[in-house]
Structure formats: structure tokens, C-alpha cells
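After this come two complexes, each holding chain A, first together with chain B and then together with chain C.
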Partner chain A sequence: MMSTVKRQLAFARVDSFSTQNIVRGVQSVFKGMLLPSLGIVAFLILWSFAASSINTSLGKFPGPQAVFEQVQNLYREHRVEREKEAAFYQRQEARNEKRLAEDPRYQPKIRAYTGKETFWDQIVTSLLTVMSGFLLAVLLAIPLGIAIGLSKKLNTAINPIIQIFKPVSPLAWLPLVTIVVSAVYVTPDPMFAKSFINSLVTVTLCCIWPMVINTSVGVASLNKDWVNVSKVLRLPALQHVKKIVLPASIPAIFTGMRMSLGIAWMVLIAAEMLAQNPGLGKFVWDEFQNGSSQSLSRIMTAVLVIGLIGFILDRSMLQLQRLLSWDKTVELR
Partner chain B sequence: MLNRRLGRFVERVTLLTGLCLVTVGALAEKLGYPEKEELRLGFIKLTDMAPIAIAYEKGFFEDEGLYVTVEAQANWKVLLDGVIDGRLDGAHMLAGQPIAATIGYGTKAKIITPFSMDLNGNGITVSNDIWAQMKPNLPKMDNGLPVHPIKAEALKPVVDKFIESGKPFNMGMVFPVSTHNYELRYWLAAGGIHPGFYAPHKGDTSGQINADVLLSVTPPPQMPATLEAGTIHGYCVGEPWNQQAVFKNIGVPVVTDYEIWKNNPEKVFGITEAFAKKYPNTTVRLTRALIRAAKWLDDNNNANRPEAVKILAQTNYVGADYKVIANSMTGTFEYEKGDKRSVPDFNVFFRYHATYPYYSDAIWYLTQMRRWGQISEDKPDSWYKDIARKVYRPDLYRKAAESLIAEKVMNASDFPDFNNETGFRPEQTHFIDNIVYDGRTPNDYLNKFSIGLKQGETI
Partner chain C sequence: MPAFLDISNIDMVFPTPTGNFTALKSVNLKIEKGEFISLIGHSGCGKSTVLNVVAGLYKATLGGVILDNKEVNAPGPERAVVFQNHSLLPWLTAYQNVELAVKQVFSNTMGKAEMVDWIEHNLRLVHMDHAMHKRPDEISGGMKQRVGIARALAMQPQVLLMDEPFGALDALTRAHMQDSLMEIQDELNNTVIMITHDVDEAVLLSDRIVMMSNGPAATVGEILDVNLERPRSRLSLAEDKEYNRLRSAVLTFLYEKQRKIEPIKVPKENKAALSSAS
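Let's turn to the complex of A and B:
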């Protein structure tokens, strides 16, 4: 028994050094690294060419060089702002102490920095918003999707509503959301800014539908054998959902989640532009309004960063999906 | 004996009470700490928001114990709604906005202004194509450059041609109750071009009744882009958006508002009446910081302007290129490319008592609202004065100014003589059509115009 295993291992080792495998390895490296790099280089060249031949009223369209400079620029601005922030807190402490000396009953308070948000801050804001909106949607959509998937009657009742709301651009909701939030969300010392709630609700509204639909389809197309197993074992309803339904429909649920997150990221940027809510969208819009000679390259930088973040979000969901999915035979891409 | 004692006693009591009163008075005059320290102020990307940016960057707000966040707004409507619903504590506003809100044209709300932000600072720009058609109609100087001010009479033949061929002649302004709307209308009407009436009582707030030129709203920073797209043929807007058109080579500024009405009042700082009542110290302290900023902007004959331009060019304020903003802020104005002329008073922030909220300024805006039908009915002169008193609050300004004088931060000579100030500027004569304005007699003033509603007329 042991010897067979050893022999097999040895064979495998020899096999991995075989010329055939080296060729295959090189091929996969070629496919995995070289082709994308070639694509990127070709794109950069095309981009620089196209950029240098487009003349706008704000100067030449920014090429890769201009964007690279702008990245450094934005980083520098971020550093400067952080220094200003430190000075702000120092001044504030001195002022508080002075007032405390004059007015001993005063209760000193440290107020948050009032300066501008840097590009980095805007990225963080947008990411936070999209993740919170997305999580809220997950909390709402998955139970709803499971319920609809399990009950044909419920599905027939709710389906028309979902079908009507699904194609609505969440941006159409935005004015309503804004008005309702400012009417309903009134607290003297709010924990979240209204603008944050607005963006969050808009993101949730657009995330919900694909998730509900995918979840319900996944649940409805459950393997009959498994349902029967559950019946034989007389699993209580909650156990049935936990042991059979959820694991079985994970691939479908995750497909829905990935779709929603992609849409959410796109919608969030547009919503931020439209409603002037803090985030990358506002950054783009502000730069457009500024109309300075730097504006176009800053917008281009933001465009690339938005794309990159969207890509990373999608890949992370994919990894999560791979990790949780039981059916390893399905190729995910 | 007793009488004399009693007399002395009374004397002493009176003296004591008097002393007490004096000390109480002195204490009351010392300005208290701000009730609300964290504030959010809104602005539109225009150079005349400078007092707010300077008060922030030079630490004048912090000197008052105020922690202010300054935030650009998408357009004037969003800004006004922000102040009304409390998202913003105060904002850089069009002078017409607090007035219109008070009389209920648009959203009704009690907005007041303790501080007038600047004089002048606007221009009217037309597209290159329109400029080429206007140019033959202009009288020239010896050096071949057109004589200024350019009047709308030169534009009239162009507009007539558009009307004959059935095409609309569109122009942009920034808001229905904006200075720009009234200035553009004033300039057009002075050249015999009808800018159209409003008829809010009939539900028509387009302002295009009987119009030769169709005016519509575009947010200031989008003006150049809209002109470039050909949606409008010209616009009236504040800086730097006229100079931007020159730099982008898409249009030519033809006239500045300084030439339409010398030293006309421009933006104001608006807050709600409720805010001023709830936070009196904060209100006075805000006003103090803004007064100091305005003075800094004009100090030593505009010596600080280059530094101010550098601040305004930051992306979170106006954000346009330094040289574009500098063009007008440092005392020159470029009309047609290369035709740069000196206009030292193009932006006035403090000189000529620019920051004092004059009632007569408010009344001028009311007369123009009446002239173009935004106020659809006749109003007596007393009504104009009552509204002006409700909106413009020189009493708050005076408190701020007097405390600055008491602390020797500023001199009494920097301000109007508060004891004798009536709030009405003397007769103003420097209009492009030479019509004289006296804020005390608004109805007489309205009767002087050939285009526009007169006393007794309605649409």
C-alpha cells in the first residue's frame, strides 16, 4: 500500500519536470501574464495617440503621462491636507485651553476637521457607501428571495411588482429618496449625514432586484431529490432552509450578488454626481465644474480608479463565491 | 435735617444705580461666545464667494470660535433649499434670493442678510459667432478697438435676423431672481430688445412673454460648456466664467455689470431669521469674520488679491486656473482676446461701504422684480421699504462692526456713520441708460423705463 503511494508520488514528481509540463507552464504564463500585458500596452499606445489628437477647450485630452502626474499630484494634495488637519487640531486645543481659563464652566469639545476632502477621502467614502448599501440590500433581498422561491403563490403575487421595479434606473428614485430622507430622517445629532443615507438607499434600491430574482430562481430550481430527503427526514422549516435550501442555492445567490455589486458601483458614482453627495462622483463633477487646465486629467484619473475599484470589487465577490460554492465543476469567470 | 439726609440718601442711590447700569451696559456690549460653533456654509463656484474662503483660510472664523465647513453647491436652488431646510447654516446668495423668499416668489421662507458680499463682478458674454455679427455695428476708437460700454443696440440687428428667420435667440442667466437676470434684462431693454415678462399669477414663470430674446437658467460653472454646445448664444454670469470663455476661445465678453450700473450691489450672505434669533452671538461673530475678510481683500489697494486668487484657484473653492481668476480679480478685464482693459473696481469687497446692507439695494431688486412681472401687482412705496427692512438687517451689521471697533480690530472710519445712516444711498446716476435711481421712490423709478411694467400695469 505504502509503496504504491510512494511510487505514485515519485511518478508525479518526475511528471511535473517533464518537458511537456514545462511547455504547458510557459503557455499558461503566456496566457495569464503576457497576453493581458500586451493588451494593456497596446491600449496605452492607442490612448496616447488618441489623446494627443483630441483638442478640447480645456487643452489636450489627457494621456497616460498626464494621468500619472495627476496621481502624484493628488497624493501630494492628500499629504498637505493631512498636515493642515494636524495644525487645525493643535489650534483648536490651544483655543479650548484659553477659553477654559476664561470660562471654567466650559466643557471643551474637539470638533472634526473642517477642511476639504481629498481624493483618497472620496474613495473611502464611496467604498463605505457602496458596501453599506450593498449589505443592507443583502439583508433584505435574500430572505425575500428565499421566501419567493419556496412559495409559488408568493412568487405569483410579488413577481409583477419586482418586474416593474427592476428596470427602473435607481437614479429616477434619487429625487424621491432625497426628499423623503430629509423629511423622515430628522434627529438633532444625526449619526450619519443625510447625503450618506441618500446614496445608501439609492444603492440598496438598485441592488435589491437582481438579488431577489436570482435567489428565488436558485431556490425554486432546487434538486427534487434533496427536497425529498428533507421531507423524509422531516426537517422543520427553518432547518430545511438552513441545511438544504441555502447551501443548494449559494451559487445562484452569489451570481445575483455579483451582478448587483457591479450595478451598485456604477449607480453610486452617477448618484454622487447628480446629488453632489460626497464621494468619487462628486469629485468628478466638481472637477468638471472647475474647468481648469488640470480638470480633464484629474477626471481621467478618477475614471481609471473607479474602474480599478469596480474590478477589485468584482474579483473579491468571485473569490468569495468560489470559496463558498460547493459545485466546483462549474467554471466561474 | 431729615430732609437733607433723605436728599443725600436719594443722591447716593441714584449714583449707585447709575454706576450699576453703566457696568451692566459695558458687560452687555462684550460679545458672548457663539451658541453654535460648528457651521456649514454653502457657496457657488464664483470669485465673489471670496470673503467666505478668506475668512476660512485666514482663520477669521476660528478667531471667533467658529468651526466652519465650506461646501460648494450644485446650483442656486439647491443652495437656497439647503439654507431653508437647515442642511446649511448660511450661504453666499444672490441678492434677489432672500428678497424673493421673503415675498414668496419661489419657495417662501424668512431669509435675512446681515452682510452684503461685494459690488460688481459680472459680465455678459456672447458666442464668437454672435460677436462676429455684432462687430460691424460697433463704433470704433482710433486704435480700432470698440468703444465701451458696448450697448445692446449693436446686438439688436442680430436678434432681429434670428426672429425673421424664425429661430429662437437663447441666452443664459443663472437664476430667475439673480442679479444676472436683472442685469441682462436691463442691458437688453436699454438697447431696445425685449427680454420678456413673467406672469406668476397665471402660472407662467418662464419669463418669456413678449420676449425677443429667450432667457433660461444655467448654473454658473456650466455656462461656458453650454455656450460651447450651442444651446445658448450668450450669457450673463459672475467671474471667472466670462474670462473662462475668453481662455477657452469660445466667446467674447461684451459688457461688465460695472458698465451697466457702476458699483451695483451683488451677492449677499444669507441666513434664516430663525437662525439669527436662536444664535445671536454666532450671527454677529459670523458677520465679524466676513467683514474682516472683506477688508483683507481690499486692503492696501488690492495688495492681497494675488494671494486671494491663489486660494480661490484651489479645487475646493472656485477651482479654475489661476490666470483665469486673476484676470478679473486683480483689476483688469479681458474682453475680446487681447483686448485687456483696466477695471480696478471690477470686484469690490469692502470699499464704498460695500458690505453694509443698504435698504436701497434691496429696493432696486424689488423694482426689477416688479418691472418684469415677477411681482404681478402694484405695490405702494411703503411696501417696498417694509420688505427691505425685513430682509436687510443693518442692525446686525452694526453690532458686529461696533464690536470690531471696540476691540480696535478696525476703525470707525472703515464703516458708515451708524448714527446718521438711513440705509438709503443718495440718488444713483451711473446707469448705462442714464436713468437715475432713488430708492425712496420706487414707483417713480419704474415709470421712467420705456420697456417694462409701469405703475398700474399688469400682464
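Let's turn to the complex of A and C:
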């Protein structure tokens, strides 16, 4: 594979000025850049056309123009909020210094700024939550998947449970999670907010299953020759898992991880909306409740941002897979 | 004195949904130390099953295998296997593939530097030292098989088991590999059992050719001693009388005595066409 690529590269260098190559180059640029841009332009035209013909109680449905304005608006609001925050801390510090100068025994009180979360803050919160929930799911799912993949009996025992929990919607889990977390997670000085734990656990519960299933299928369909190699070498069980099973199932594990991350992101937004936990979902719900003339275009902006982040998450996962997996033939899709 | 490797009275019965299938029946074979044995026979005659029993990957239904006065009951590195499709681990380089075996077998008896030397020595033996840090998908089929052989040799096995090691290679590469194997065999004088389909390969490489009868209930049909002088050269042997006598003996066994009559299947579409025409 590699050598043919190298040969092609060398070949391309030799006659890089031939017309055939120029044509091929133009074609690849056309395929790589022009077609996607064409698709986006077509979508924007369709969108603005459709938007202008939908009238709602909150005015016209937002088109690309309205969304673009909101992006600038939201950024400006974020800047303003940050300036306010900086000003608050400055005032607090000045006040404390003054008090301290008057009375050296004074213990200065430092209060945190409690301003409104901006769109940007919500994005950061959502990303943190999804990554934590996903990582927790990875830590649980991969060992479980390997165990199930290695043992047919264990698989037969556990598979029905997995199949039952797999299709459960996050919204069904959420009330239970909320109640349980508030009952169990009781500390005077909590390290994490309860809302964060709620979202995290919900995400974990929903995205663990595809990973368990994919990992177990990958492990169970291990190449028989590799198992025989391991047997001939008399690898102990732990070495067998570490040297043979785990690397061999890396492609399957990553397929499961990519699916799960996609699910995690979708689940999180829904959970945040329903539970009013901080994040992009809450932003959407708040705007919906707000019902101002700008609300629809702000929600539309959030929708696009959610999509964009989901896309970036998936691509990052793919890049990670390419970096870590020995199987370099995975398709970019 | 008992034989070095004694395959005695092996029966192999596989349970299938339609009842038991007897693959092997009373297979007996005694092999001396340093002998090169070829197992030849039509496909499906149970050659691989014999090899897998010796390797310990299958357990014989009846009978057993004794190697150097010890019964074989599990796979182990003293009976290293070279598999037909190389079975290298694709996430490891050639060096690392051999290293995995060496670390497993010699971690108690060799120092680190010694192990490195031993791995490199074995890769040099199969002429793969120039590409030892390449991964299996970066090297050709013949090269992969060389690494597979190096991995098996590096275990310093008492018996080297080869399951159609060159079956998946093109004719030229195969000839090249056979020459390499003879060269290695001259140096190490291993005990080898090799499965093959190739009559020339069997005659060229072996000390004895074990010809198996067709299954079900396959067994050892005839054993042919090959007393050609070593080192052997395929070019001078092509004119050799004895070589051609041995060659035709094997061919006679395979295509007259044990001719395999395969039913010719008529594809469904043809059948339909025939019936509609009539």
C-alpha cells in the first residue's frame, strides 16, 4: 500500500507539468472543495427562501442573515459579560484593600461573580459534560465489552440486559438519575455541581451500550490464527488480552466509540433541555421560554453550533482512530 | 528406543449436526530427530488435522502424540507452527512479531542484549534483516511468510510444523522460499513436518513423503523415502532419474490410487435453463 503511494508520488513529481496531471489536479480540487461549497450555497438559498415564507407568532422564521447577526450579537454579549465580570472583581478587590487599610485585622471576603451564563459559557459547559460522560462510559464499556467478547457464556448471560437498556431514551432515565443523584451525592462542599453529575450520568447510561456491543463483537470475531499464535506461545490470560485481543479489536472499539460519542452529544442536549441543567440545551429552552423577537434566530444559531460541534467531535474521533489504529484502511465517512 | 516423535493410533472424530464425522482413522507415524517429513494428500484428507493434533491445537479423540518421551496435550512453543497465511500480528513490525515469541520463550534464560541478538539473527537467517522494522502490510506475501518462519525458528522448537507454508505464494516466490528453507535446514537440521499440495516441493525438500488416503476416515496411505543427496538443486534434479521416479510415484498415488472424484455441480441457473429447454 505505502509503496504504491510513494511510487505514485514520485511519478507525479516526474511529469507534474503534463496536462493530464493538471486536469487531474483540477478534478481533485473540484471534488474536494467546489462540490461541498456548492452544496452549502444551495442549502443557504433554499433555507433563506423557505424561511421567508414561514410566518410565526414570533415573526418570520430566521434565515441565514438573521443567524449571522445573532452570531455577532451573542459574541458581543459574551464580551460585555466578561467585562462586567472583570469590573466586579476589580471593585471587590479595591473594596477589600480599602477595608484592610482601615482595619488590619479584617478578613477579606471574596465572592464569586454570579452573572448570567453566556452562549459561549454554555458551549464550554456542554463540551465538558459530554467529554466526562463519554470518558466514564469508555472506562466502563471497554473492559465489559472485552469480557463479554472473550466469554460466550458471559455474553449469553448479559446480552438480554444490554439489548433491553440499549433502546431506552435519555429522557426516561433522567428523572431517576436526578432523584438518585440528589439522594446519594450529598456532601457539604461538592466538587461538582449536581446538575453536572445528572447530565454526565445520563450521557454515560445512553452511550455505553453501542461501545459494549461493538467491543464485544470485535473481540469475539478475533482472527483465529492470532488466537492460535497466542496458544502456541502459551501467553498467559492477561498477556493474551494485552498483546493480542486489545490491539486486534482496536478498529471495532473505535467504531463503537464514534457511534457512542455521537449519541452522547445528542443525549446531552436533550437532557439539558429537560432538566434545565446548564449547557446548550438550557440555552435553547431558555430562548424558547423567552419568546422575544430574537429567540428563533438564537435557537437556530444554537442548532447550527450543536451540529458543527457534533461534526468536529466525530472528526476528532476519526483522527484519533487513524493515529492509534493499525488498520489504516478505515474510510472517512 | 522409542521414536523422537511418535504419532500413535490417532482417531479424530468431529461432532456435526448430522452425526459424527470421522476425519482421521488410526494414523500412525514415527519421526526421527532431524527428519524432514512432508504430508501430502488431496484437500480435505485431514493433513491439517494431523498437524493440529501434533501442535496440540486439537485433541485427538483416540490415540496420542509423544514428543521426546512426553505426551502432547496442549499447544506450546516447543512445537512451533508456521501457518499458511503467515498470521503475523498486523500491528507489530517484523521485529516485534519475532520479539513477542522470543520474550515469551526465553525471558528467563536470556539477557536483554542476548534476546536482541537472537531476534536479529533469526531475521537474518530468513533474509529479512533489511526490512525488520516494517509492518506486515508494508511487505510482500513472501516476506511475510519469511517473518512467520523466523518467528517459529526463534522459538527453537523441537519440531517445526508448517501448514502449507508456501501455498499462498506465486510459483517464483515459492521456489525462492523453498531454496531458502533448504539452506536453513542445512544449517539447523530441525525436525520438520510440512503439509503441502505440491509434488515437486515434497520431493525436493523431504527425507520422507507421507501420502495420505482420502477422507473420511483418512489415514497414512504410503510412505516414500527420498534418498537424494543434499544439498539439492532444483536445476540438476530436473534431469535426475531418481527424482523423476519419486515424483511419478507420488503422482501415481495421488491421481491413480487415491484419485479424488469430485461430483461436478451444475449451477442452478443452468439446471433451470436445461429443464425449460426440454
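The criterion applied here is as follows: the second predicted complex is superposed on the first by the 300 of 333 C-alpha atoms of A that agree within 3 Å, B and C clash if a C-alpha of one lies under 4 Å from a C-alpha of the other, contacts with A are read in each partner's own complex, and residues count from 1 in each chain.
What we mean here is this: a contact is a pair of C-beta atoms (placed from the backbone, for glycine too) under 8 Å apart; a residue touches a chain by one contact, two chains touch by 3 or more.
The structure displayed is predicted, hence computed values, not measured ones.
K.L.:
Specify the outcome, clash or fit, for chain B and chain C once both structures are aligned onto chain A.
P.N.:
Aligned on chain A, chain C fits beside chain B.
K.L.:
In the overlaid three-chain picture, which partner chain does A:D225 touch, first (chain B) or second (chain C), both, or neither?
P.N.:
second
K.L.:
So, A:L235: does it touch chain B (first), chain C (second), both, or neither?
P.N.:
After superposing on A, A:L235 lies in contact with chain C but is clear of chain B.
K.L.:
Does chain B (first) or chain C (second) touch A:V124, or do both, or does neither?
P.N.:
Neither chain B nor chain C is touched by A:V124.
K.L.:
Once the structures are superposed on A, label A:L304 by its partner contacts, choosing first (chain B), second (chain C), both or neither.
P.N.:
neither
K.L.:
Tell me which partner A:L58 touches in the superposition: chain B (first), chain C (second), both or neither.
P.N.:
first
K.L.:
In the overlaid three-chain picture, which partner chain does A:L318 touch, first (chain B) or second (chain C), both, or neither?
P.N.:
Neither chain B nor chain C is touched by A:L318.
K.L.:
What angle, rounded to a multiple of 10°, is defined by the Cα centres of chain B, chain A and chain C, with the middle one as vertex?
P.N.:
Given the fit on chain A C-alpha atoms, the answer is 150 degrees.
K.L.:
Which partner does A:I244 contact after superposing on A: first (chain B), second (chain C), both, neither?
P.N.:
second
K.L.:
Give one of first, second, both or neither to describe whether A:R111 is in contact with chain B, with chain C, with both, or with none.
P.N.:
After superposing on A, A:R111 lies in contact with chain B but is clear of chain C.
K.L.:
Looking at the superposed set of three chains, what is the minimum CA distance between chain B and chain C in Å?
P.N.:
Value for chain B versus chain C, nearest C-alpha atoms: 52 Å.
K.L.:
Using the superposition described at the top, list the residues of chain A that contact chain B and also contact chain C.
P.N.:
none
K.L.:
Considering the complex alone, what residue numbers of chain C touch chain A?
P.N.:
55-57, 74-77, 79-81, 83, 85, 87, 89-91, 100-101, 104-105, 135, 137-138, 155
K.L.:
Quick one: in the complex, what on chain A touches chain C?
P.N.:
Listed in rising order, the residues are 1-3, 223, 225-226, 228-229, 231-235, 239, 243-244, 247-248, 250, 326-328.
K.L.:
Would you tell me which residues of chain B are touching chain A in their complex?
P.N.:
Contact set of chain B toward chain A: 33, 37-38, 45, 56, 59, 62, 65, 67-70, 72-74, 78, 85, 87, 221-222, 224-225, 228, 244, 248-250, 313-316, 318-321, 324.
K.L.:
Mind pulling up the chain A residues that touch chain B in the complex?
P.N.:
By the definition above, chain A touches chain B via 57-58, 91-92, 95, 99, 103, 106, 109, 111, 114, 116, 182, 194, 276, 285-287, 289-295, 298.
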